[in-house]
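Listed after this line are the structures, all set down as structure tokens.
The same chain A turns up in both complexes below, where it pairs with chain B and then with chain C.
Now for the complex of A and B:
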């Protein structure tokens, strides 16, 4: 799987949504991406890329697009 | 995030001394009061009724306080309903009305950020393996998201590889705990739970079966009411000692906060003193006339927080009794007021997160 595929899959499996819902998706934008869903997403991303986010980045990761930016800090290019 | 909060997030959370804090709070709270006055109609009515002028800056003690009970009687919002992303409900036993706290994105984010600043000043920025001393079941029904579930999920931000100590029937899962401890040997372990439930379902449960968990280096944060424990004559010292007997080498931090002011919590230091951080303050009111009590004087606890923007909860009169022990001079080195809590005043409802858990 490419990085973008892994990245998308983390969102899709955490929230049970389709790929076409990803663009523009924001924290609290859908019912599934609440605080519980957020921690599921974080766990899925950490497992997919074998990284560990800093607490600040967990709080900052508030949209599908922002997540790509944050992953760059962990040397993951989407 | 407001300019003041952003500035505060750049310094350590226990750095502000009296003079500086008074000045910041006078400005910040006056701004918040004005904001809520302009955006929350019910709040405006209250302030108009007491003839409060929001255009004059006032010190913390002069800010209008709202009894926490009001959040049970009314739905108080300072944002449009469509912008509410989370409605927090306070713990309450059946038959009691619950508080409803309406949060928008900005308010939620600030709460998380500030809680992170406070907790990481104790455990560092590194995320630690986390053992929740509760059942994962409390997270299931998201529509009725209680303060108990919110506390757990809020704390999960500081952890990784999260495990739960209790199974779905609230029975202690010794095997899972032991596996977790074994897996993270040599690491610092973080634990979170509710005061009374830890006592009942972890400490007493382990004692009953005669099992001791040998953690080498762990830190526990716990929150919730002490009423049931006091009824069993369990004080802080007994509690902490029993935790260590049951679980091993554990640093125990009790903290205090309400659903009405999540984020800006108060943590008990190594000397047994509850501390205000830069983000919060405490005022003690005399029960007779609500005048400001001096240090070492018993009274009602008024809680002040810089965080509430989507609901008018920045200055709250609680139903808890306490006293202020000092300011800026605790031997632990943290600045700000430090205080002691004595629990609910007589006649108030039971509503601590851990006190309201009912066995079925």
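Now for the complex of A and C:
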């Protein structure tokens, strides 16, 4: 899997949504992305890329697009 | 003591002190809170039943204070309540008024008053019921997501529990609690009650612990405390709480379910290092809010314990025949005695004038043991025990054992049939092998099912009722 595929899969499996719902997706923008869903997403991303997020990045990762920028810090290019 | 001694009727004494701070930048003094609360109550005009759509915003607290100061009985529901459940509750209870945010169209009626973002609606339900004399507040029970069952609380229950909590937590007027729990949930509400009672400050926010906004507000407003359910602590762990710089925090509380011993120990260490106290507590809506607490001085030596009964309360353990258990370390159902034990349930408006059914004695439905020093340990819900081929199996314990194997699971079932739901399909064989080899449960006594994710309530509790076998 490419990085973008892994990245998308983390969102899709955490929230049970389709790929076409990803663009523009924001924290609390859908029922599944609540604080419980956020924990699942963070865990899925950490596992997919074998990284460990800093606190600030966990609470800053508030949209599908923002997540891509944050991952750059962990040397993951999407 | 009469109703005029109820602390809500005396909070104007705090006058210019700030009662509420919100994430919209409002600062509301006690004098303003009382004024707006009483004005709302004047527009209701009489003792009656009202639905209060709760959010962690000023208007919601204003509505609550207005009701409790003026003998209006609120039914506390989430502003985000499921429409079907709301309609079920409305049909069952026929409230005369509804206080709700203006953008929530499922709350409706004739608009008679407004304050800020909330509207007061008059309904046209027939008021074919009587409110009991001491009835003050109605709360849903945390477990009943689908039923219209409410817990009937009196002002004496609230008065007693509030003072007890203030004394064992040492809450003072300089405290500033930031909201992390819904105010229609008894634990969240008890934090609001205790802080208003001593003239302290409440920082109201709808932001979750997962948002930057929450942590910025906590720092900016110098919150001294917040409460959390076990899931809150899992989030804090994930957020590397130990590495966060939060100098204003004085103490944290934990309730709403059992914090596993390892988590309790981990957070004891983190909090000790940061100079924060962590007070583990235990309670139920049926006991107003709190029944026990673990003093910080015993947090380490008694990690995993729910502590001792709160001031003014007492526990006893009973066996299957209802006899009191005297020996330490023997498991029985926990029974609580105290003035905070509520009147009982209501299933509909016809029950709102029912007498006190508990008489200060509550069978908690929780199984526990007491150690030689008198500290209590909850081992599980009475109904979370299954009898598998003659052996008692604690479903919570099975979940804990699997968690240690890094298997995320929830367990349910009936006698002679344990069902283990796992979220990772690939761990099915590992789960089966572990259960068979390490628990003594025979292969015929359980099945393993797969679910996408564990269903949880807004406070993070597992919704066992939502688990279905495919």
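Annotations for the structure displayed:
Note that in this section the second predicted complex is superposed on the first by the 78 of 78 C-alpha atoms of A that agree within 3 Å, B and C clash if a C-alpha of one lies under 4 Å from a C-alpha of the other, contacts with A are read in each partner's own complex, and residues count from 1 in each chain.
Convention: a contact is a pair of C-beta atoms (placed from the backbone, for glycine too) under 8 Å apart; a residue touches a chain by one contact, two chains touch by 3 or more.
The model shown is predicted, which means the values in this text are computed figures rather than measured ones.
The superposition on chain A brings chain B into a clash with chain C. Of the two partner chains, both chain B and chain C are touched by A:35.
Touch criterion met: A:59 reaches chain B and chain C at once. Contacts of A:1 after superposition on the shared chain: neither chain B nor chain C is touched.
Look at A:27: by the touch rule set out above, it reaches both chain B and chain C. By the touch criterion defined above, A:16 lies against chain C but remains apart from chain B after alignment on the C-alpha atoms of chain A.
Comparing the two interfaces of chain A, the one with chain B and the one with chain C have residues 27, 34-36, 39, 54-56, 58-59, 62 in common.
Within the complex, the chain C residues that touch chain A are 208-212, 214-215, 231, 234-235, 238-240, 243-244, 452-453, 456, 458, 460. Residue ranges of chain B in contact with chain A, taken from their complex: 85-86, 105, 108-109, 112-113, 116, 120, 125, 127, 139, 142, 145, 149-150, 153-154, 156-158, 160, 162. Considering their complex, residues 27-28, 31, 34-36, 39, 46, 52-56, 58-59, 62 of chain A touch chain B.
Chain A contributes residues 13-14, 16, 27, 34-36, 38-40, 42-43, 54-56, 58-60, 62 to its touches with chain C in the complex.
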